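When the chains are written out, they are named A, B, C and D in that same order, and each has its own residue count from 1.
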Amino acid sequence: MDSSVQKSGAPVAAGLVEDLAAASRILAAQSVVDAFGHVSMRHPSAPDRYLMARSIAPALVIPDDIMEYDLDSTLLSASGRDSFLERFIHGEIYKARPDIMSVVHSHSPSVIPFGLVAVPMLAMFHNAAFIAAGVPVFDIREKFGATDMLVGNGPKGVALAAVMGRKDIVLMRGHGSVACGPTLQSAVFRAVYTEVNARIQHWAAALGGGAPITALDVEEGRLADQVNQTAGMRAWNLWRSQVKW
Amino acid sequence: MDSSVQKSGAPVAAGLVEDLAAASRILAAQSVVDAFGHVSMRHPSAPDRYLMARSIAPALVIPDDIMEYDLDSTLLSASGRDSFLERFIHGEIYKARPDIMSVVHSHSPSVIPFGLVAVPMLAMFHNAAFIAAGVPVFDIREKFGATDMLVGNGPKGVALAAVMGRKDIVLMRGHGSVACGPTLQSAVFRAVYTEVNARIQHWAAALGGGAPITALDVEEGRLADQVNQTAGMRAWNLWRSQVKW
Amino acid sequence: MDSSVQKSGAPVAAGLVEDLAAASRILAAQSVVDAFGHVSMRHPSAPDRYLMARSIAPALVIPDDIMEYDLDSTLLSASGRDSFLERFIHGEIYKARPDIMSVVHSHSPSVIPFGLVAVPMLAMFHNAAFIAAGVPVFDIREKFGATDMLVGNGPKGVALAAVMGRKDIVLMRGHGSVACGPTLQSAVFRAVYTEVNARIQHWAAALGGGAPITALDVEEGRLADQVNQTAGMRAWNLWRSQVKW
Amino acid sequence: MDSSVQKSGAPVAAGLVEDLAAASRILAAQSVVDAFGHVSMRHPSAPDRYLMARSIAPALVIPDDIMEYDLDSTLLSASGRDSFLERFIHGEIYKARPDIMSVVHSHSPSVIPFGLVAVPMLAMFHNAAFIAAGVPVFDIREKFGATDMLVGNGPKGVALAAVMGRKDIVLMRGHGSVACGPTLQSAVFRAVYTEVNARIQHWAAALGGGAPITALDVEEGRLADQVNQTAGMRAWNLWRSQVKW
């Protein structure tokens, strides 16, 4: 049992909480998040709950910052600490997609352009293979008109999850993106390589001058993504070893 | 009271002076300024004065470097230390705009191109929302002919402030830019995200090949900027925690 | 003799094993590899064998991680440790090209675009002179259909080596590249400057807007590459001095 | 007098030798040079001689590495240490241009494209003002046919200096560039801001899509460059303070 989490659901092993806190710092170290962005994981034994840090810059998260929410994103931890305004991204995706165990939300600069112009993100290499399945774009304006651009309540989270559908990634116009996975490690891996993939595609698009890019097709993406689920641990092990509290 | 400031106006709390000195180092750490550039804040109790470091590289500023000026940018601190040549940017903006409490001047490379070609800077994402109100460009040549490009006296500062008008940002052709805010923290936040926004727009423009970019519109910008005034403190808290004297 | 290598062939001097381990860390420090990628060298006294680290992130390799393979990429070291899935890249190139003594495989983001669009990589400057001889592109799909994109068995390695032919570099569509050399130091040098060259060509191509680039021609490339074989040691000496175990 | 220099001309103050060694490390820290490139200064009391490090990576130079040459680039220091192959760049420029006191040769990736396509480098901002006078391109092939691209003897140095003429900068096709100044500090400043300027121009050119860039004109460049000669010391002071031996 883990005394470092304010629990109102089931207890969570300390190692898992530490990994979730480390994931925040990894995403910062890999330039996927800056002062903003967040990563969550579904509660390992209570699938109707999820775990996420209090509202704090990702590079500063420690295990004690992790709190527990239900899928309506109501705080269950007995704590007066602030929650992220956009926690509904996480809760509504976990509701809509029982297969997803971890969610990363970020604003990495290289990714944002793909939500602003009508050029689809494609899978440039095997490490970003999951992108080959397609990358939908959520424009909050379509359903909600002029807003502060934030997914700051349940209905906005529902709309985002609906646009994402069966994919594991969704771009948010004028804002950022979300990457998901069947494990914490997979979601972090995908978030990191979405950022790398975006940089590669910027170069490839400019180099080709609009000519077609021979990106991974759907089947190549599916096959390569399977390998990433296991081989990707080599990246996690490196990044995890570099986290210093 | 703060003995670290050469005072000729009212005394300033040491914490505020430290924050202003830290702001210089934050801007350097975030690659908004290099060896050049400066940040000021209006005197908290004497609105006809402002505080700014002596002429020194931003990464080296310590609280003891902070000096006091009137709005004509005449040094009031009893000190023989050098002042920035371009302090008139600050003084004349404070004169023209009572609502502005802090001013950042920088030459970040990603921003300069928007002052050199006829492509307006747009707000690419919510963190740079204040840009959606519009970004004027000051060409010193229009009023002053061939110069050393510096806003090195009062009339040039007046002309710059006039071009900026009611916006909180102005680009300077062949030189750099100015970002302003109602607090020190807000001005720093806006300067940082102006730089990030510029990088995003370079990518978006190239990716779209000249097609329209669905940037934040004016109302989205207004709403998102309101959130930034409070949520932006998460960034300040991160950056401030990383400043080591 | 070196007790740090699990030997089944001839013993290898400890300094050479240390240099090979250091090469992994150099490639990571120079941003040629991230959590993935690998460098090998042909066994110095048994040309039908090669040395390479166990499956681990390049930045973490230590001399004790180096293992020995035959040219079918069968592990000869008496060890239960994991091998890289793509070791066949190395074995099959050593088989096909007796003149090559070291092989680097990487996924550096700047290089990948040249395998995705029909624009040949050219030699932008003397440090990347070996590129002037030409840069073939291997598309695994041509011979093997939809795959996980990995060169994960002998036949795929044979096909890759065949496309490379007499060149010392080959790009892999949707994956990465391979750079080779007559010494470990030369292969590392070429891998580093392939990455730099790719960045220069992205800029040159965009700047010229499709106009011809006056890259090094074949003879200039041949002459400059000869100098690199000796002068390039200045780079190795710098990078090697920066490796800390 | 300075015992750290092998002298055959007049003695040089230790502080000047330290500044020259520091200049090498500054250029490496500012990403103007990598493992290659070099900076020299004319001998302060013997104008027919110059000082430059032995052949070593710039980041590793210490004061004891500084050696003395005549303007034919013959080593005068009593030392068996290696000289840079391209020292003739320095000697021949000092011969042709008595006003130049310091020379920097570098291969920074952002600058090289301007020697490869027919787009002139322009002055994007006041810190790079000296560029407004014009930037000639030396193509070694015109006079010497296919070579190893290096300025490795006197005649090649003479040809380079002739193309540079009365400018303080020259690009070298497929190789790099040279920046010069009336002081060591000025040459370093110009080399650093040539690199920054190149990055800005890449962005500006892409953003404008070929439209004219309102760069500094010749007179603006002349006036701004005068200011840089003194205000630029703020940059030198920052960079010099960061050099650790």
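The rule is simple: a contact is a pair of C-beta atoms (placed from the backbone, for glycine too) under 8 Å apart; a residue touches a chain by one contact, two chains touch by 3 or more.
Bear in mind the structure is a predicted one, so any value in this text is a computation, not a measurement.
Chemist: If we look at subunit B and subunit D, which chains touch each of them?
Modeler: In this structure, no chain contacts subunit D and also subunit B.
Chemist: Where each step is a move between two chains that touch, what is the least number of such steps from subunit B to subunit C?
Modeler: Shortest path length, in steps: 2.
Chemist: Using C-alpha centroids, which chain lies at the maximum separation from subunit A?
Modeler: D
Chemist: Subunit A-subunit C contact: same residues or different, taking over half shared as same?
Modeler: different
Chemist: Can you give the whole-Å distance between the Cα centres of subunit A and subunit D?
Modeler: Centre separation, subunit A to subunit D: 46 Å.
Chemist: Go ahead and note the Å separation of the Cα centroids belonging to subunit A and subunit B.
Modeler: Once rounded, the distance between the two centres reads 33 Å.
Chemist: Taking each residue of subunit D in turn, which ones touch at least two of the other chains?
Modeler: 206 - these are the residues of subunit D that touch more than one other chain.
Chemist: What topology does the chain touch graph have (line, ring, star, complete, other)?
Modeler: ring
Chemist: What pairs of chains are touching here?
Modeler: A-B, A-C, B-D, C-D
Chemist: Along subunit D, where are the residues that touch subunit B in the complex?
Modeler: Residues of subunit D touching subunit B: 123-127, 129, 196, 199-200, 203-204, 206-209, 211-217, 219-220, 223-224, 226-227, 231, 234-235, 237-239, 241.
Chemist: What residues of subunit A sit close enough to touch subunit B in their complex?
Modeler: Residues 34-36, 55-57, 59-60, 85, 107, 109-110, 112-114, 116-119, 139, 141, 146-150, 173-176, 201-202, 205-206, 210.
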